[in-house]
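Pasting the structures in now, so scroll down.
Common to both upcoming complexes is chain A, partnered first by chain B, then by chain C.
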Partner chain A sequence: MLGISHTQCGDQFTVALNGELALDTVEAFHDVMDRRAPQTEQVVFDCAGLFFADSTGVNALLQAALRLKRRGVAAEVVNLNDDLREMLDVTGFFEVLGSA
Partner chain B sequence: MGATSTSAPWPCQEPNAEEWARELRFAARVQETLLGRRTATVPGMVAFGQSVPQFAVGGDCFDLIPLPEGGLRIVIADIMGKGFGAAMLMAMFRSAARIVSAYGTPPGKTLCQLNEYFYPDLQKLESFLTVACADYHPDQREVVLASAGHPYPLLLRPNSRHQEPVKVRGVSLAMLPAATYREVCLPVSDGDRLLFYTDGLVEARNAEGQEYAIRGLTSAFSALGHLEAPEIVEGLLGAVASFTRPCSVRDDVTLVVTQFGPVSEGP
Partner chain C sequence: MPRSVQIYAWSLGIAGLLILLAYIPTLTWHRYPPVIALALLAGLFEHFTMTLPNRMKFSLGSTFVFLTYASLGPGPAFLVETTSAVGSMVRTRNPVQRAFNLGQLLLSLLGMHGAISLLRPLVGASPASEAAILLLGGVVFFTLNTLLVSGVPWLMSSKPFGSVLSDMVGQSWVASTGSLGLLIPLLYSFRLGGWLTLALNCVCLFAFRYVVNLLLREKRNHLASLGQLTEVIERRIGGHERHATRVSTVARGIAEAMRLPADDVDQIHAAAILHDIGEAEIDPRILSAMARKAILSLADLEQYRQHPVLGAEIVGRMEGMSRVALLIRHHHEAWDGSGFPDGLRGQAIPLGARILRAAELIEDTPGDADTRVAAITRLAGSTLDPGLLPVLSAAVRKAQSPTAKAAALVEEAGVSMLEGRLMQTVRSSQLLKAFGVAQMLTFERDCFFSYLGDQVVPPVAAEVSSLARRVLLSQVPMRQQVVEGHTAYEVYLLPASDETVSILVFDITDAVAEEREQTRRIFHAYRDVISVATRGKLMLIDDEECERLLEEGTPFEEMLLLSPQDAGTARAVFHRIAGRLSLGKRETFRLTVCLSEAVTNVLKHAGKGKVAIRRHNNCLRIVVSDQGCGIPYQILPRAILMDGYSTQKSMGRGFSVMLHFTERLWVRTSADGTVVILEYPLPVKAGSAESWAPAPVGKRLTGGDWHAGHQSHAVR
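For the complex of A and B:
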């Protein structure tokens, strides 16, 4: 299950992810990013409540962040737990995001 | 259902249930015959691998490729997603890896070349894959490893209950148009065991939602590490099955174990 909520504060749009970002839950994430994310200067993906992500989920997060960056929007992924941070680090997630 | 080509210049017929079932059986046979279980032996090392897809076919693969100058290459890969689409891409990858390996290209450069080759296509699909590539050289008694975002292999020395993750890193394949992959050189000795795996193994969940996790894997590997490579693989798969029972594993799972022994005779 994926719980997803979003808030806007000034120029920052925050997407809070809770639960699992995986093959069977990414549609809800795509829905928020494709239809509800406003034109803004910064998007923050708050992963404080995220405890699992498979390769599909990791890719969804990465592609969303890369699309934002290509549009000139600052994208940041924050509050990952240690296991998820390590997993994303090993896959090169942060290296790719940093080079975009 | 939209399973037929939208670009064909003639009317396409949707397969019926029997046709789909026949296609599925053939796909499963291809998967099992070419990608299921395999062993390879070179002086000083025996390798055994097994791949278990979640569905009839999957997005994991492994290969054991003899090197031109002697020795053996282990390749293990995991493409984003599962099922038929992932399996098609993985079949492409397996062939490309074999072709590059035939030239004796070292692991780091192999990953560079594969990355350049696959980036244009996988970018269109917004997909990527993780790969570990390891060459065992009998003369030097060492394993040279490179990784594209793959989980760290685990090294178990004899008479040790603790494993060392072999921390070799690199960006996943097809995430960047160009990438460099550094190599790690690992000396090996008689009795060592090296385990490669895909993340489906550690992400397996039981009915309570608990993950098998790296802790489960290292505990089982320690208990089984004195056995021969095929028995270790069988034991680890059995351990995960016991952990998740009565649930099934939700992802493709692939394991390769290499065991090292005296070069002058088989291990």
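For the complex of A and C:
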């Protein structure tokens, strides 16, 4: 299951992810990112409630962040737990996002 | 151009000139301005003519000639007709054709004038009778026009005049009726409203012509782009280039000759262009074997026979093409029900599909028109609809141009020479005889004979005679592999006559063994490389080892993977098991990631599969399997070891993530599917017997199809 909520505070758009990001939930994530394309200068993915992501989920997050970056929007992932941080490290998430 | 046609055309041209010379002096100066205006309009409409789907030209030039005749009299009408003819002459540079066109039009107009002059005294001068006479005159004009034009094809071909005339009427009646139909409203609006109304009407007509032209052009472009796309696909799948284009020309010709409605003709044309599009989904090896006219194995033949179904599925997904898709699905059905894919019979096969079948057979038959007609006559009643035979024969004769004839002769001679040489080479092969790997046999009256005429008993005699009887019935060549004990044979069977089958039996045991050994060597090379590169963590295993691993230990639970939602269910159930095993949060996360990666691979690449959880010697094993087409060995190292690589569009890190989070990974992959086995040593406490309480037998869990596995007493 994946719950997605978003809030806008000044020039920062926050997407809060709750639950699991994997093959069965990435569709919902893409839907929200496509329909609510933020018009702000900064987007924050708040992962405080996210407790699982596999490489498909990480890839969804990466693609969304890369799309924002191409439009000149700064994307940031915050509040990752240790397991998820390791997962993002292993899949090279930060490496790809940093070099894009 | 034959002399007779030249004489005919020039005579009409001279007659036209004489008519013009006789009538022009009758014009008075004050009539010139309106005549010139109408002549310009007629010339303009004649120049911007429309090409109808049956390739006939449709202009409104004649309507303005009739309008001039009714408003200003015969002299001005001849002048306007001349201008209109000049308008159409811009399209032709041939002086004979120009003279003929002008002459036949002026003669037709003279005929119309004669008919109207004869009829006018007989009826009153009321508007209704005037309109009726004018329309009747128009009919006379078009009748004479058709008769005079028919003279040219009649003189140039050996066809009877009646048949030429009927073809001509069939092609021109739409344009003639349209021109006459517009005459009356244009004439009366001109009389009531004068030049301004006529000008407005002309603007409307030009707008109408523009819209119709756009639609017609759209239709032609649609068919032309379909044709071009198909040629690209034909080149890619290595079929006969432009085969579809040639079949579509023949099919359209047949449909037009049958006078089918224009929409049906277009649908048949589109279906003919796309009829073999399903071949893009067939194994290129099978298509190349078909192109070489090689004999197919039963399995390959079965796959090839799916191409109409696949083609229909592809085309059916295009908007407004469902009728076309139906014709494609049935283009290999036979009149007697022996075709495929549905074995439809007689009138149950859509007419368009019957036409397609015939067009393809005509296109595929080498030789001159007589050979082709003989071939389709032989097939009428079995493969082809016998009712279509007359129109098919006519289409064959029409399509047979001198260049096509020459090409067909060359092709036929080449093929028969090659066949002869090949057969000679096979018969004289000392090598085949020396190795004793091949036997050449004849099957007749349930007995086998060597090529020297002695009766013999071949290996696998029972299977070969059953295959030979099948070939005798179907009269279709066949290729099949037969195994007897440890020996494998490849058998080729060719129908030689209604009672005889020629057979070649090859002993392929050594070749098969060599191929198996080769595959084993390749497998071991990859296995060693991958094992070293992963420091022994990932082991490529063969079928035997995989079977052994799957039998080890105790199955705990298993689940079918059918949709992306099942990935979520699998994780949820694994969490439950991890809780029962008191696994730590970090271990649970790592194993869930591994399970999720393997399950996602199955759902993404194979569509469906199975996941099972087992326990062996205090280790947890997650077994994920599918029956997809496997991972080819050559991409295996990259798929497993390299970051960012996948055969699908994703990060492709499934395997590297699994390798990071698990202790041991076994992979078996072949054309029958892939099995991934992950092993994780359980903490000593978690391995105690009490913690392995299984789920209740038969309990179904939400979202997926989990079943409790069999439990041994040891773990209860």
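Heads up, the rule we're going with is that the second predicted complex is superposed on the first by the 100 of 100 C-alpha atoms of A that agree within 3 Å, B and C clash if a C-alpha of one lies under 4 Å from a C-alpha of the other, contacts with A are read in each partner's own complex, and residues count from 1 in each chain.
Quick note on the criterion: a residue touches a chain if its C-beta (ideal position, glycine included) is under 8 Å from a C-beta of that chain, and two chains touch if they have at least 3 such contacts.
Source: prediction; values computed, not measured.
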Problem set entry | Clash or fit, chain B versus chain C on superposed chain A | clash
Problem set entry | Which superposed partner A:M1 touches (first chain B, second chain C, both, neither) | second
Seminar exercise, completed: Of the two partners chain B and chain C, more of chain A gets touched by chain C
Problem set entry | Touched partner set for A:N59, first chain B, second chain C, both or neither | both
For this session: Could you look at A:T25 and tell me whether it touches chain B, chain C, both or neither (first, second, both, neither)?
Result: second
For this session: Identify the partner contact of A:G92: answer first if only chain B is touched, second if only chain C is, both if each is, neither if none is.
Result: both
For this session: Choose the clashing stretch of chain C with respect to chain B from the list 242-250, 386-394, 404-412 or 530-538.
Result: 530-538
Seminar exercise, completed: Both partners, chain B and chain C, contact chain A at residues 23, 52, 54-56, 58-59, 62, 87, 90-92
Seminar exercise, completed: Counting only contacts in the complex, chain B reaches chain A at residues 78-82, 126-128, 130, 148-152, 169-172, 175-176, 179, 199, 203, 211, 251
Problem set entry | Parts of chain A lying in touch with chain B, wherever the complex brings them together | 23, 52, 54-56, 58-59, 62-63, 87, 90-92, 95-96, 99
For this session: Over in the complex, which chain C residues touch chain A? Could you list them?
Result: 564-568, 571, 585-586, 589-590, 592-593, 596-597, 599-600, 603-604, 643-644, 650-651, 653-654, 656-657, 660-661
Problem set entry | Complex contact set, residues of chain A against chain C | 1, 20, 22-25, 27, 52, 54-56, 58-59, 62, 82-83, 87, 90-92
